[in-house]
Amino acid sequence: MTATIYEAPDEALDGISDGARVMVGGFVSASSPTNLIFALKRRGTRNLTVMATNIGFGDRLDELCEDRQIAKAIASFAVRASSARASRFEEQYRAGEVELELVPQGTLAERIRAGGAGIGGFLTRTGVGTQVAEGKDVLSWQGEEWLLERPLRADVAILKAHRADRLGNLSYRMAGRNFNAVMATAADLVIVEVEEIVETGELAPNEIHTPAVYVDRIVRCDPVEVRWDGR
Amino acid sequence: MTATIYEAPDEALDGISDGARVMVGGFVSASSPTNLIFALKRRGTRNLTVMATNIGFGDRLDELCEDRQIAKAIASFAVRASSARASRFEEQYRAGEVELELVPQGTLAERIRAGGAGIGGFLTRTGVGTQVAEGKDVLSWQGEEWLLERPLRADVAILKAHRADRLGNLSYRMAGRNFNAVMATAADLVIVEVEEIVETGELAPNEIHTPAVYVDRIVRCDPVEVRWDGR
Amino acid sequence: MAAEHKPRLTRELVAMRVAQELAPGSTVNLGVGMPTLVAAFAPPDANILLQSENGILGYGGFSEEAYDQDLVNAGGQPITLNPGASFFDSAASFAMIRGGHIDTAVLGGLQVSERGDLANWSVPERGGGSIGGAMDLAVGARRLIVAMEHTTKDGRPRILRECTYPLTARRCVDLIVTDLAVVEVGPEGLTLREVAPGWAPGEVVTLTDAPLTGPRGVPEMEL
Amino acid sequence: MAAEHKPRLTRELVAMRVAQELAPGSTVNLGVGMPTLVAAFAPPDANILLQSENGILGYGGFSEEAYDQDLVNAGGQPITLNPGASFFDSAASFAMIRGGHIDTAVLGGLQVSERGDLANWSVPERGGGSIGGAMDLAVGARRLIVAMEHTTKDGRPRILRECTYPLTARRCVDLIVTDLAVVEVGPEGLTLREVAPGWAPGEVVTLTDAPLTGPRGVPEMEL
């Protein structure tokens, strides 16, 4: 279906309910859907399971912890090993108030890709012999051990791209594809903030990184400045 | 490693030996490495296992059958169900002279991707309950049956792209990415014919479809006209 | 006139009837053969996105004049692009297909069973057959329409209690459009929804091996 | 002077020694922390391709002036691009990493065992830790160099018979470069290859829990 264009990020989130499983694209500052994160904060939706590669390291996802909207995070970076200044997520995690499923970043990307690609699981050497393997099937093949990892899907993905056309095709800027491009394939409802909306046909076919079939809603927003705050 | 630029397709194939497992990119006419196929024919390398989505349907891979260079094909289209004019591969297949592993096209692409991505296997619903499932593990998950498919790798991949830079980055034209882009990741030696070689830096970062890390050898050739011959 | 000699729908008319099934704005993959013809009958203002499994979303029609060997569909035919078209590689294309992102696939068929099993890639007595993208599309598309001839050239039914040819996928077909009828596959079996102009439901039932429910008062197709 | 008070290599000198390990034309991923500093010491004419797991191949150095929030490395630092750089998504990036296409990864470490097990993501007594791309890089890179301090702040060895912290991966480390030594991991265990200037092999052995072979005639690092 052709994507629907929304006027404001708050409207674009219409229908996200308490308890939703939400994927959040971006890598720290790169193509982070910060306007949509702020709208989700204003909306006050609670008991969220958030899937994002990082939380609280310069990205603004940590702000959802201010009103305790996050019940669980599935992430690759969320809690520092060092004793640096804690994010809200870290405080709540250390207090046992939020749940965390820590996933190696490559396994996270591949699980999301699998969720979008109809793959029921895949075998990886990443995590074998570590805490990540706990509770998972380990299969032997060609003299090695492999973890069976399962796909991840979400009810909603909130993403950022650089440009969209009216059909819903997306183009990312620089290192902006990161988790945005994979998450676009793996959620029932895909909502994308972009810096510019152009007429259909203005993005060249080889310039489109996420084909329109994956995109449900688009909203134009000025990007928010975010910055890694060190580790 | 930076790619090596060769002057002619025959030299670019240096080192391919009898019995090699060779991936051949292209989809029928689209970005088919026909100059490299012809060079492989001239070279006379025998007992090849060829992996390609199609053989003998307009592509020129069938010509390797003229001198019986192919011992086995792993392909999604290779033998017609109809009684149309037979390709050489079909004749040799029906005479029991070549082996064929018939693979659903999506499973073929995903197995090659897995081979390039360090995935030890993946679960798909494609092929469950069909001849494709014979001899394979079937796992149950979430009330469904899934086939465990294994990765594919090759000794050599022969591919075609539109443009390369001197570092080895590739850019494809139109529907030219097809199997070329995945096969580039899954062979020990990746040899690519291109229509143009440009200076490093002339391909924009978002215009590069196959990063240089995957490419070993480049040769500039005028494209050969090939055409689907119907089915 | 005996049923076996009555005129049946042409391939173009079957394709026209299939095209009526395509929802505006939907993403559709058309298999090789008869399904390919459907592209010509999709209403141009319905914004249907045609996907081709060799890595194209948003192609237009077929055009020999525009022939460019890097721009062919999954059947190797020269095509044109609509505004908003995009390209991707084969792994990404089948991720789209197998991940449930294609609303409707239209495939040719050799046999369909009463449970919706499809056989469309191999004729064992001829000793061949190729799978291509059919198994992936049969499993991955949200809705699968099979466009085929109702009977073999020598008059044997293709809609059977059990397929005798090698399967493409089990329980995958939603709708069968033939040169004689429109048949829906449901959890309780097959329902005859429409018959070709000039054909009586009973005549279609006679040429069908699997039981068809609802054969009284079945309307003729509107083409 | 007691060994524990002798000057050790700075982080920059450790990075400089690691940079000597990078083969011309190789593809290298540098982890966050001390490994990041290696970029500054890679010979500019060696055509080293730096990969960042957030989807960049061919980045250059770090530049605050060039800050663009869409162009940061895996540590969130602003970077520049070299000619020939390319971008891709995270699944493609880790396909590159896990598929064995990275020649060398340099990671920080908390502990390394005599078998080359690495622990670098969690300090259990602090109750936290994040994995990031470390497990994927440890398993996927063809050669893994760990750059770390030889001992903890309170002087306990980090090179151990067995890691006591949660593992990143088993048997993954090829070379350890610390502020005191270069230690190679082989099938038979650890070999002391070089010591920091001014340090005797025996002093390094004392600060190492795992057995080190070849401690006689070990040369000083050339920096």
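Going by the order they are written in, the chains are A, B, C and D; count residues from 1 in each one.
To be clear about the criterion, a residue touches a chain if its C-beta (ideal position, glycine included) is under 8 Å from a C-beta of that chain, and two chains touch if they have at least 3 such contacts.
Since the model is a prediction, treat every value here as computed from it, not as a measurement.
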| field | B-C compared against A-C, more contacting pairs | value | B-C
| message | Suppose chain centres are the mean of their C-alpha atoms. Which chain sits farthest from subunit B? | response | D
| said: Using mean CA coordinates as chain centres, what's the gap between subunit A and subunit B in Å? | reply: 33
| request: Using mean C-alpha positions as chain centres, tell me how far subunit B is from subunit C in Å, no decimals. | output: 28
| query | Just how far, in Å, is the C-alpha centre of subunit D from the one of subunit B? | reply | 37
| query | Which parts of subunit C, given as residue numbers and ranges, touch two or more other chains? | reply | 87-88, 94-95, 98, 139-140
| note | The positions of subunit B in contact with two or more other chains are 110, 113, 117-119, 124-125, 172, 174, 205-206, 209
| said: Going by the touch definition at the top, which pairs of chains touch each other? | reply: A-B, A-C, A-D, B-C, B-D
| note | Contacts from subunit C onto subunit A in the complex sit at residues 25-27, 47, 49, 51, 57-58, 81, 83-88, 94-96, 98-102, 139-140
| query | Where on subunit D is subunit A touching in the complex? | reply | 32-33, 52-56, 68-72, 74-77, 87-91, 93-95, 97-98, 110, 121-123, 126-136, 139-140, 166-170
| request: Sort out for me which residues of subunit A touch subunit B in the complex. | output: 110, 114, 117-125, 139, 141-142, 144, 146, 150, 171-172, 174, 205-207, 209
| request: Flag every residue of subunit B that touches subunit C in the complex, lowest number first. | output: 27-31, 53, 57-58, 75-83, 90, 93-94, 102-110, 112-113, 124-132, 162, 172-182, 209, 223, 225-228, 230-231
| field | For the subunit B and subunit D complex, residues of the former touching the latter | value | 1-2, 113, 115-119, 165, 167, 169, 185-186, 200-201, 203, 205-206, 208, 211-214
